[in-house]
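Next come two complexes, and both contain chain A; in the first it sits with chain B, in the second with chain C.
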Partner chain A sequence: MPRKKLKETLMSLPSFVWLTAFFLLPFIIICVYAFKPADIYGTVLKGWTLSTLNSLGNVYFYKLLWRSLWMSIFSTLVCLVLAVPMGYQMATSSPKWRNLMLMFIIIPFWSSFLIRIFAWKTILHPEGLFHQACVFIGLISQSTPLLYTNFAVVIVMVYTFIPFALLPIYTSAVKFDFQLIEAAMDLGASRIRAITKVFIPGIKKGILTAALMVFIPAIGTYVIPDLVGGVNSDMIGNKIAQKTFAERNIPEASAISMILTLIILIPLGILVLYSRKGRNLEIRSRE
Partner chain B sequence: MIRSRICLTITVLVFIFLYVPIILLMVNSFNDSKYATVWTGFTLKWYTALFSEPDLWEAFINSMIIGISSTVTSLIIGSLAAFTVFRYRSRLQSLHFGLIYAPLILPDILLGISLLMLFVVWNIKLGLFTIYIAHTTFCISYVTMLMISKLQHFDLTLVEAAHDLGAGTYQTFKKVVLPLITPGLIAAALLSFTLSIDDFVITFFVAGEGATTLPLYIYSMIKYGSTPVINALSTLILLATFLLVIVYHTFAEEER
Partner chain C sequence: MKNEVIFNNITKHFKQTEALSNVSFSIREGEFFSILGPSGCGKTTLLRILAGFESPDEGAILLNNQDITNLPTNKRPVNTVFQNYALFPHLTIEENIAFGLRIKKISEDQIQRDIDQMLELIQMAPHRHKYPHQISGGQKQRVAIARALVNKPKVLLLDEPLAALDLKLRQKMLIDLDIIHDEVGITFIFVTHDQEEAMAVSDRIAILNNGRLEQIGTPTEIYETPKSRFVARFIGDTNFFDGIVEQVIDKEYSLLHFDDFPPVKCFHDLPLTKGDLVHLSVRPEKIQISKEPPQENPMFNCMKGTIDDKVYKGDHTHFGVVVNNRKLSVTKQHNRFLLDQTQIDWEDEVWISWHANDGFIFSREKHA
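Up next, the complex of A and B:
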């Protein structure tokens, strides 16, 4: 029916036009600018060049990429190690407790990101509670700095992004059939073995989604290294901001943004291929 | 028993990890001492000091203007998009869905920088208007996703029944569709309002020199002038957020 088609097109139009103009088009601009030359003041010139991308092939940039990667992967792993047992605990609790815990996971999700980072800045300070506690139990000496280090960046990333890991793992865990654990234990497996051999493979999809949900914002973070990181904690996001605001070099900022997009698209592609259903990623809609 | 003591311990520890920093910050906002480490007595002076903070009021008003305007726009565009994706399951709609979904996956910084480039290319002056455009863009995606999930419980035959009984498009919408989707709309409005009020990274890129929002203001306070006044401001914002979450959950519960 052509009339139905027309109605559908008209109804899709507002969001289609808006997102094309303010999401898709800006993205294309970035990809175009990455191949544009610039003069020493960062003004974009006519013509095409690969020199912007080539200029990123230096030791400093590789170091920055490597640091961004290991810090995000490490934070993702910590989040998973904490979120899997929590998912198990929540799924095996009574519905009343389960909902209460869910609510308490969602609250930090809604509250201001900056304020939560600021809260950590205070306790990581040499006089702060976290620093003092670490000194007290003998983990570090009073003079070991915690604030403005890579450690601070990782711990604040875990703190900020752990709800992203908890929600998909919880969603998979409640669907898991816990009689399988009982069966495994009846057959002689220890509880730990039952969890690692039965529960974890059973919620594999949730774990993979969780890993991506933490890794993507982590690799793209800008504020966390900026506020609690040291001179050697800069990540890709900081480089983009520096190129944009301090050096005003639009082609370089675009080229780095393009690299960041590629870093995200690779694991994302793997997950989509793995699950073959993009719609399973819907957890970020905060539901 | 399938219960595991290790899992319980980790759960308790994670909740402590999640809440201790926030609670400490709130407690410290009432601390008389300038330094967070010692408790020297109860005070409200940091709260009263908020009134004399320069430009805070302006930042707050700006945040409200942007929050409300982008919520309204994204609610209209987003719920229409959700309804369309839900109703027509065509190839066009899977493309449409992809376009709506993509901004949710990418890190904020990429949305921020790409929008900045767009505004520079189009020669649009950075300020409240560009922040409004940016916020509406990501709010549309969140609103649409939320409304799609709410529409899963929506019975389309009710619309057909209304039509069969002689109701026009407008009447059907007003008398049948709207009452059914109102709780979802309220939840979506609260979500996009909070997202807009809280957004820092994207705003930072598209704000330019002139316009300051609440998060931009807090950021410069954290970065350049660390006083307990931030604790007081943060506590107020956190309490407001908790209130919103409770309201949100009331509407989300009603749905079931």
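Up next, the complex of A and C:
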């Protein structure tokens, strides 16, 4: 079927051009800069060097990398744990409620991301609403700081990225056949078990997409740790910003960016492999 | 035989509409019981109430003399075969069947034995490692039955299990269902809108209409002695006439008067008086048709008509016979070699007759 092949190639051409121009080429440029030497004023010099990458092999950078990873993985998990029951609830509601809930998710996007983070500064402040509420119910004492901690970074990341988790999960959940839940309960499962054994596997693809949609922006974020994080909340994104703007060291910033991109590509690659396996299964069944 | 399932005055509303109204009947142990009715009659709601997916507004359900009205779905000793099978797409056939057993934490050895036995019963052993999307509709149906039966329920609920299959497969599955019922010996409750399916396999049938129980009985009872106009119309074909009682001849027979139709003598089991409004129903196959006038017999209603249409079906012919502007449907079975007989053709003058016992009378409201 060469004709069909040709058609498919033509159809995917625009996205191919787009990805080449705005992802592949910039990534190659970054990779090239990562191996360039620079002087202390930030001028990129001729020739090639591994010293930039080597200089990253220190404890401070490993710590930073580790913190970025766990904070973004943890935020992703919190988002999923919250988004799955929310998605279930939305998908089982009447269309009227569904649309209302979707509205509530989308409305915050109408105001600036920065303003919303500044709002959290007020909320998490020792005199703020959230802090006071936590003190009131006895979770923390008045002197326990919330703002400028890793906790603040995680909570704001969860707040910021949860729509990206909820939307793919909701999309899968709406397509889910809820009679399967009844079938599981009919076979003796409690509702919770029916959800874990049938609903969650049923929306697996949505959950995986959600995980990526949260993890990728989360690991690269730098505004959130910058505004609500403390001295020990810096993430990779902050380092890149610092190297680019404060130190004007493009090769070092490029090297870190390259590592960040590679970190993101690994889970993405796993997902692509995984979904290709699923697609092969479907094709085989159709034959 | 003892009663296994008892529905006691079940009433259920969905918003303003009444889905079930005061439905009471019981189902015997080991019975193949059908709940039959047109769509929207409440039959599926009744099944869902028994399975525990819905709870009745009023009334109670008893299973082996135990009130299960408030028992949650997963605690009831009944299992359901869903209309669209509801097989778990992420599990293999084997894992689907094992689902209920694994929930109950039965030992893996026992699970394997039970699965093997079930796969044998439904003849699906070679497909055990396939996924639901890799097997055909009929196979899915059998897996759904096995997945329910493996839990050894007291009662198996089947919600229009054959609706999604094509005709040939439906007939085969119906026989398979009957065989499986004989083998496992538990009570089957079969919900369907297809009267032929219900008649073919059921020990008894309950007929529901508009959330009310119309009649309950064996297939023969329901077909031969329908208790209402609805049942007579719903089960099989029939000729319907609206008439008035002209004369009550004796305890069992009366003479009915019709506008534009000869008077008819008919058996009745209702207390009738002269002037009562009635419906008369006569099944097409109960009417005899011939070119020669039949012998005089006071028990037979005999009249002359003209053939208006004729549909030859091989084993029988279906005639439309016009008597005084009224068309009756008449079926003639061909028990003998047809080519030797005098053919009845279009526009022929014919005699039709039926025994007074072969019609049945229902009382009729004035406005109906």
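Heads up, the rule we're going with is that the second predicted complex is superposed on the first by the 248 of 287 C-alpha atoms of A that agree within 3 Å, B and C clash if a C-alpha of one lies under 4 Å from a C-alpha of the other, contacts with A are read in each partner's own complex, and residues count from 1 in each chain.
Criterion: contacts are C-beta pairs under 8 Å (C-beta built on N, C-alpha and C of every residue); 3 or more make two chains touch, one makes a residue touch a chain.
Keep in mind that this is a model prediction, so the values were computed, not measured.
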item: Residues of chain A touched, compared between chain B and chain C (which is higher); value: B
item: First (chain B), second (chain C), both or neither touched by A:Asp186; value: second
item: Partner chain in contact with A:Phe22 - chain B first, chain C second, else both or neither; value: first
item: Which of chain B and chain C A:Ile106 touches, first, second, both or neither; value: first
item: Which superposed partner A:Asp177 touches (first chain B, second chain C, both, neither); value: second
item: Touched partner set for A:Leu114, first chain B, second chain C, both or neither; value: first
item: First, second, both or neither for A:Ser12, with chain B first and chain C second; value: first
item: First (chain B), second (chain C), both or neither touched by A:Lys204; value: second
item: Partner chain in contact with A:Phe61 - chain B first, chain C second, else both or neither; value: neither
item: Shared contact residues on chain A - chain B and chain C; value: 182, 185, 281-282, 285
item: Residues of chain A defined as touching chain B within the complex; value: 8-9, 11-12, 14-16, 18-20, 22-27, 29-30, 33, 82, 85-86, 88-90, 92, 101, 103-108, 110-123, 125, 127-129, 132, 159, 162, 178, 181-182, 185, 191-192, 195, 216-217, 219-223, 227, 237, 240-241, 244, 250, 253-254, 257, 260-261, 264, 268, 278-279, 281-282, 284-287
item: Parts of chain C lying in touch with chain A, wherever the complex brings them together; value: 51-53, 72-74, 79-80, 82, 84, 86-90, 99-100, 103-104, 131, 133-134, 147-148, 151
item: Residues on chain A engaged by chain C in the complex (per definition of touch); value: 177, 179-180, 182-190, 193, 197-198, 201-202, 204, 281-282, 285
item: Contacting residues of chain B [partner chain A, same complex]; value: 2-4, 6-8, 10-11, 14-15, 17-22, 24-25, 28, 35-37, 76-78, 80-81, 83-84, 87-88, 90, 92-93, 96-111, 113-118, 120-121, 133-134, 136-137, 140-142, 144-146, 149, 191, 194, 198, 200-201, 204-205, 215, 218-219, 222-223, 226, 230, 234, 237-238, 241-242, 244-245, 248-249
